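One chain, chain A, links the two complexes that follow: it is found with chain B in the first and with chain C in the second.
On to the complex of A and B.
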């Protein structure tokens, strides 16, 4: 029995039936209730993926602590942070439980005054590096690069109000690059992605694409 | 563990570039210059769509954002939310809020709600507006909301069941919603895939608030009507605030953006002048040899 349940044909069959059902309902509207229920299951499964993620995270870091691997102290910090944040959130009030106001305030404080500035700060580094790249890397070595530089400057002046204040033409000129050239390119990319998705779906239905089963795809071994 | 990088390890030129950048961005934030912000047709259209809401119309504001892009995404969302609450107060428009990313509801709803308190405070929670917090599942949650609003939004952030929320009575599917404001940074195509006004007859329009870099991504959908309007980034926020008649975060950041972009252009020009000069000097010395 256990061997039968381990067969890879079972998840592939579930995938095929569910995706065909949702696709058929999308185009025909024949089984709205079944589709609604299936999407509801998907949302529940999504929530379980968080439990799985936290379990894997704990298993990995607890093993590191146990083995005293290099920089294991950071694993302790991580586990403590997860616990503190999780507990303060749960005690702060979940669902019908109104919670402890101080715990909610502490949880909000952690999010808004610790996590949020850290995340924003990390992304802001990109801005600084971009400006050094402007200085170090933006060198017109060929005509292609020259065209790219000119378009970059036009778009920078199109976005910032100072551009329009300097010359009104930066508005329509920048919009043309954005709405015609860029949009045309994106349309091509989107069609490519769409066709690629269909190909992946067909491969998954036929059992060639197995990444979602935790295996290597056929041809990738 | 990565290599440790201290500011002192950066070359002097890089540190100078950083310093000038910080000064140029800080000055207009501390003391706004007040450069004019021309309003684009795209933002005007989005403003008109929001302004077309009437008494009893349902507006959904969904936030799919990350904290990293807070200062790009929050200003336009705040302007949109201010507009929505003003319409709720003046005309009786009903506003539904939720996020499809955990950061989206925690930051973009909680933080923006803190800033817009004077706008929602006079309103009746549960009758004029409601906050469902985070709906897990990203695109699946959006698909679920479209087909079964009550089944997807089971409880609000206070744990109140949807059946007990008066304004939610009669809202069964996306066809019962009038307009959508969808805020995202890099996932704009989930909006036309799941919430297209072309598919749901009752849904009159959708507005996508996204990064400036994502605008070309959504333009094919805008051309076909799958997305009705868009508001782009801080620039869109500044424009929206001009139309609202009350300036905020967006307008403040626009001066900083202007100076920052001028500085970037100056660096590009300087780099190229230096490069051409060095190249001509090297080729001359080679010829002499």
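On to the complex of A and C.
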């Protein structure tokens, strides 16, 4: 029995049945409830897989602590944070079972005064990187990238007030890039993306694409 | 109930062309366009071996549970080949993910890659790092890792979101050789300016097949190319007929 369940045909068959069902519903609208239920199952299975992720996380960091690897102290911080936040959530989080006002206050403190500022801090990197990436990391190694960078500068001058003050032509020129060049290439790329997506699905249905099963993709067998 | 007739027709036509491409390739291996990003993977991993530094790979925030599943699958397929190259050159690799269910899949793929290269003893489960189901945790984990360990090669293939900016920006600052690929339009420019080699748009999907160099897989790329010619032809005919005042051909799309 175990050997039968380990056969790769089983997950491929499940994939085929489920995806055909969802596709049939998309094209005909015949089984909306079944499709919704199936997607719900996928989410439930995903939730179960948290156990695997947490196991991997703890194994990785406990090994680092045990071996006193470089920067192992960060692993200690992570594990302590996981347990403190877990405990705080169980006692005073949404649906927490302790009923002690202090535990809810502590949970709120962690959420509002520790986690939220940290998350905002990491997010702020995105804006900072976005504006400085050209100076810090950009690699203008081909004509394509060179053209893209020139267009980027024109578009920045198109939206920045200083651009129009320098030369009024940045307005219509930038708009032309956005409305004609950008929209046309965007649609072209989107058609390509849709085509590629379906090709991967066909390969997976035929059993050639097996990376999602943890196997290297192979040719016909 | 309803019937999306035109969409179904296009979908069926594309599936048929991909299938025929695969079948034809079994008889006669096709020649497909080269993907520089894939052709230089071996060279990049060899560079990592010379420098004595690891290779870092990620598929970004996209997973197998949403509309981006095919691109994550293609990213994982590329990772399998990278693992094989890492096994060949005896280079350690690390895969960072934000999705728990990708952990066992990635572990299997990396182990399989090292095994295929004949060095399964180099495989270590700690090569797969789960950062928790939180994008910002993943971003900080990857940025910290890149600045501390300075991997020789940094790769990002998948349905990436705004972690792309921090991930590849940090890699560029750390001097990593960078490879990237995503069909997500917002992040294509970032990849273009920060990566040494990148796959744009549908190239990522095709790369999942091209990386194997198997004729049957390459046949699917031929099928895609034939479909694109079909779409282009349809657009040109629609345009000519519309200019001639006959718009019934273009209206077929609304069926």
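The rule is short, and it goes like this: the second predicted complex is superposed on the first by the 143 of 221 C-alpha atoms of A that agree within 3 Å, B and C clash if a C-alpha of one lies under 4 Å from a C-alpha of the other, contacts with A are read in each partner's own complex, and residues count from 1 in each chain.
One rule holds in what follows: a contact is a pair of C-beta atoms (placed from the backbone, for glycine too) under 8 Å apart; a residue touches a chain by one contact, two chains touch by 3 or more.
Owing to the predicted nature of the structure, the values given are computational and were not obtained by experimental measurement.
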Which of chain B and chain C A:42 touches, first, second, both or neither: both
Partner chain in contact with A:187 - chain B first, chain C second, else both or neither: first
Chain B versus chain C as contact partner of A:209, first or second or both or neither: second
Chain B versus chain C as contact partner of A:71, first or second or both or neither: both
Touching partner for A:149 - first (chain B), second (chain C), both, neither: both
First (chain B), second (chain C), both or neither touched by A:54: second
First (chain B), second (chain C), both or neither touched by A:85: neither
Touched partner set for A:199, first chain B, second chain C, both or neither: second
Contact residues of chain A, present in both the chain B and the chain C interface: 42-43, 46, 50, 70-71, 119, 122-123, 130, 134, 136-141, 149, 152, 186, 190
Contacting residues of chain A [partner chain C, same complex]: 23, 26-30, 42-43, 45-46, 49-54, 56-57, 59-60, 63, 70-71, 74, 118-119, 122-123, 125-126, 129-130, 133-134, 136-141, 144-145, 148-149, 152, 186, 189-193, 195-204, 206, 208-209, 211-220
Contact footprint of chain B on chain A as seen in their complex: 32, 35-36, 39-40, 42-43, 46-47, 50, 70-71, 93-98, 108, 111-112, 115-116, 119-120, 122-123, 127-128, 130-132, 134-141, 149, 152-153, 156-157, 159-165, 171, 175, 178-179, 182-183, 185-187, 190
Residue ranges of chain B in contact with chain A within the complex: 1, 13-14, 17-18, 21, 35-38, 40, 66-71, 103, 106-107, 110-111, 135-138, 140-141, 143-144, 147-148, 151-152, 155, 159, 189, 212, 215-217, 219-220, 223, 233, 235, 238, 254-255, 257-265, 267-268, 270-272, 275-276
Residues of chain C that touch chain A when the two form their complex: 1-4, 7-8, 11, 14-15, 18-19, 22, 26, 64-65, 69-74, 76-77, 79-81, 84, 99-101, 103-109, 112-113, 116, 125-126, 128-133, 136, 139-140, 143-144, 148, 162, 165-166, 168-169, 171-173, 183, 185, 188-190, 192-196, 200-206, 208-209, 211-212, 214-217, 220-221, 223-224, 227-228, 231
